[in-house]
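Naming follows writing order (A, B and C), and every chain is counted from residue 1.
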Amino acid sequence: MKSKEPVFHIVKRDDLPLYKVIGIRLIAILLALAVCSLVTILVTKLNPLDVFRAVIKGAFGSTRKTWVTMQNTSVLLLIALAVTPAFKMRFWNVGGEGQVLIGAWAAAACMINLTGKVPEWFLIVAMSVTSIFCGAVWAAIPAFFKAKWNTNDTLFTLMMNYIATQLVACFAIVWENPKGSGTIGIINNATEFGWIHIGNKYLLPILVALVMTIVTYIYLNYTKHGYEIAVVGESERTARYIGIKVDRVMIRTLLLSGGVCGLVGLILVAGVNHTLTTTLAGGRGFTAVMVSWMSHFNPFTMILTSFLLVFLNRGASEIATSFSLNTSFSDILTGIIIFFIIGCEFFIRYSISFRSSARAKEG
Amino acid sequence: MESNNIPIVKMRNITKRFGAKVLANDKVWLDIYPGEILSILGENGSGKTTLMNMLSGIYFPDEGTIEVNGQPVVIRSPKDAFALGIGMVHQHFKLVDVLTAAENIVLGLEEPFDIAASSAKIRDICSRYGFDVNPDQKIYDMSVSQKQTVEIVKVLYRNANILILDEPTAVLTPQETDKLFAVLRNMRSDGKAIVIITHKLHEVEEISDRVAILRKGQFVGDMLTKDTTPGEMTNMMVGHAVKLNIERPDPVNSKPRLEVKDLSVRSPDGILKLDHVSFTLNSGEILGIAGISGCGQKELLEAIAGLQKAESGSIQYVEDDGSLDELLGKDPLEIRQKGVALSFVPEDRLGMGLVANMDLADNMMLRSFRRGHSFLTDRKAPHDLAEHVVHDLEVVTPGISTPVRRLSGGNVQKVLVGREIASAPSILLTAYAVRGLDVNSSYVIYDLLNKQKQNGVGVLYVGEDLDVLLELCDRILVLCGGKVSGIVDGRKAEKMQIGRMMTSLGGEA
Amino acid sequence: MFGFLSTFIPRAIVQGIPLIFGCTGEILTEKSGNLNLGIPGVMYVGGICGVIGSFFYEQSAAASGQFSNFLALLIPLLCCLAGSLLMGLLYCFLTVTLRSNQNVTGLAMTTFGVGFGNFFGGSLIKLSKSSMTSVVLSRTSLVYKTALPFASSLGWFGKLFLSYSFLAYIAVLLALISSYLLKKTRVGLHLRAVGESPATADAAGINISRYKYMATCIGCMIAGLGGLYYVMDYACGVWSNDAFGDRGWLAIALVIFAIWRPGTGIWSSFLFGGLYILYLYLPTTMEHMELKELYKMIPYVMTVVVLILTSMRNKRENQPPASLGLAYFREER
């Protein structure tokens, strides 16, 4: 009887030495960059060296550009850090976008309604508390239903994004300034009341991101909570066996995850943009999911991954602008990079072996 | 029955290995005749299911030949098996819950798709053999016995002449079993060859024409059921007692530690897994639990450990001063907070007892990570404990920071037992503690258990190897179908007696 | 009231058509166990590929002076299908062959697809060095918008049922065919088994990878048509960036709302289409424009409610396919 089985088969690998793992990822990134430059060359007819130069210029061309690159990296990193504890527990929080927005909404609400009525320090405390609280609640709602009835987490958090977006859209009109513009405009533009700046206007998110990277790393790897998250993520049966209350851990972790997203919302409104729009998060809630995943939940790797994506993004925007092309060009490159990085994981986790020897034995 | 006709299946010298160590089948011979019901009898792990899986295309034999209808055949997949008219009903049903019976039955077939016609054919099969299946009923609405019926009809729908059933009665009530047997007899009169894998002697006697007995992967013999006796079959099944020379210190200062009274547990499918089980576990003794697999051992241990809801009864922990603590209804954490030092070595080591992807030190932490008031975990103590366990129990591992999934079975078990013992338990529950372990590792485990016993721990040892139970345990509780069949003295009991108690309540054959 | 309905319903239906495409495509995909969060990206790619095809055809037609309605119809259609198919293949290659995580792959595809659409939409003129000032494909759009000839002569009946272009009827037809396929054919049965329990399907001899590839790629092609319909019909051949908006996500939400039934998806899409534009009709004063934004929230809130209710009621038919989102790997025996 002739076997119809394919000549090769795929087996799970045990473990690759670290240098090989890094090697495979580096090759994937280099291939991705090669494809990206190829696409760029095709579109712009630039020579490769100029492409490279333009990207560098876009990201680091001036002091301001360097600051913006670092600031954007920090914001993306912060959201990635926020969603990571949930992922480590195998809870798909793709609602970072909505949690950031709702946090931003809360901060804006405080700024707009409390300005002139309370001292500035009180406003800042109130903003921080409400935005973190709102973000946390926004994430905990799907967690509650998942814990209780196993409601699909991916789809629920996804929908929560759009509910938050519409809520913000609604209040963008309630708070519109000037009347009839349909947008909020810069809040307290003249007085800068309630604006949180450290040194210059870029430093705040960078500092917060650095602190949060370390805090997240410690939380995930060295605390009792982090340990519980890891056990629940690996095996719910083991968690029950040692008496971990899975539903409680789930809700607690999502409160935390959402809380950090709310904090990002606060930073965006009070420290970076000083206004509230529906596109404030700008898809970074989704990009953060990919950053977290590609970094294997390691906060320090996330610094590099976020930087890589933001760097490309800035560079691509620079090229697009100088060729009066659309800035969405950077999204295409981001997509290509991610396809390569997630695709290469296969070669780390599995090995392909050929069946010819086995068949010779059986035949 | 005309058993002198030509066999429809001849299996010769079938050998199957899993990995280098496990020899699941060793040069097994088997003949299957049409119009006959054959029982394959053997203890757990005797290789019955493996043998039949090779006939139904799940496994491919390492050595040996199979002939069907006199022709040598190669069976590589269940499809090949069906083409030869061989169909098997596995213990774990392969059905899609949200589809109807008819849809499941035609799944994967290449015939023109016509559910109405298929349903008619199914009804036809049902009326011919006396099944009761509604083709339009969804699987999730069905009882276990109905699901089993669907599996059988699925096999018949594919025109199988040789029907293999793997422990079909394990999930059935006595009434359902009677119904199944009636159907099997109808199929036999239709000329089909039927094989049932079982370890229940009374079923062998009730239903089968011939019985083939396997022991530890080897074919022991076959004979006509009417020519044999339960005694002879038990003999062949369990073999003669083997001297293992396991140490057995006498219990010192033994007093009640755990009182289990009238414990009843029902599975999610509604089957009564434990039926009014009562016993006392004393400190400083090893109480063995013997029984056919799946007759309530898992539920018993999980109920005591706080992982299983019970329908009725009580599980009381006896403090040193004689006061009682009810454990039933508490989760593992609450039991611990109550001050009851209960350790549990579960059957599923990597899926429950340990986290496969975590390293040794992190796995040690499972029990101890809550210790202390700090928000941070104490990393040092588990690391030290891991080194301690690796050193004391001679665990073979590249290092403390190796994920446990990369250790061999014996070393995984040493890590698990080492951790459970380290928390100074007063009760230690173990399920199949030496399953899959080599001889040396097994003796390490026996020694550890004996040491615990000498420290005054009450040890509950669920085992499958009667020889071990007889040499290790002070008392042996025999479970039969979720009921206590009896409790015997480990020093005086006979192997045959326990074998009988496992297959019928109280041991009356 | 009747007058209101006869204007509102046709508009709701027109809004619902892209959703039907997206929803039907995603249902087929999810039935195979693939949760494709890249559908928004796929719909953008489908739309822009149609635009690119049509753009170059109109350019060449303008140069040669010959314009064939048939080619104007066919070229964008084929471009759209090809673009969406490539997206489907990409998704399958990553998630089925390379077993990447479906959520991450899907999100990356959405980033990529939306970026692809906006980039080419915004840069097409520049790249092709055309003299046009914006992408307006009015001639192609006219072809696509051709309604049934006797629609206008039949009064309200014609307006309600016959006033749409051919893609609208194709949308409904595809949903009905999918519904039939899933319920009444062997392929549908096998597909459902693959999504519910790949191990069981595998044991029954069904080729899991083939079904996943087929369902996902066909699903993407159908979804892509939604993008094409939007540009060519609804937007009258005018591409403007981000105009398609979040309809792709709405389509994914609809899959839940329709509890994985393409037939239910049809009227749900019309309902969502209506909800999408309901704010235009609800009484709001100039002082309370913000309420309109709140009304736009309704479809999502309803989806969440449906999601919660189905999980609470735990009725087996109404659950997502059991293996949704999981890669299948047959361990070596």
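Convention: a residue touches a chain if its C-beta (ideal position, glycine included) is under 8 Å from a C-beta of that chain, and two chains touch if they have at least 3 such contacts.
Since the structure is predicted, the reported quantities are computational estimates derived from the model, not experimental observations.
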Third chains touching both chain B and chain A: C
Chain pair with the most C-beta contacts: A-C
Centre-most chain, if every chain is reduced to its averaged C-alpha atoms: A
Chain centre separation (chain A, chain B; CA means) in Å: 46
For chain B paired with chain C, centre-to-centre distance based on mean C-alpha positions, whole Å: 50
Centre-to-centre distance between chain C and chain A (centres being mean Cα positions), rounded to whole Å: 27
Complex contacts: residues of chain C adjacent to chain B: 184-186, 189-190, 192-193, 196-197, 199-201, 203-206, 316-317, 319, 322, 333
Contact set on chain A toward chain B in their complex: 1, 3, 14-15, 218, 222-228, 230-231, 234-235, 237-238, 240-245, 362
Contact footprint of chain A on chain C as seen in their complex: 35, 37, 90, 93-94, 97-101, 103-105, 107-123, 126-127, 241, 246, 249, 252-253, 256, 289-291, 293-294, 296-297, 300-301, 303-304, 307-308, 311-312, 314, 320, 324-325, 329, 331-332
Footprint of chain C on chain A - complex, ascending: 9-12, 43, 92, 94, 145, 149-152, 154-156, 158-163, 165-167, 169-174, 182, 283, 286-287, 289-290, 293-294, 320, 323-326, 328-332, 334-336, 338-339, 342-343, 345-346, 349-350
For the chain B and chain A complex, residues of the former touching the latter: 60, 73-74, 76, 80, 305-307, 331-336, 344, 346, 348, 351-358, 362, 365-367, 369-370, 375-377, 379, 403, 406
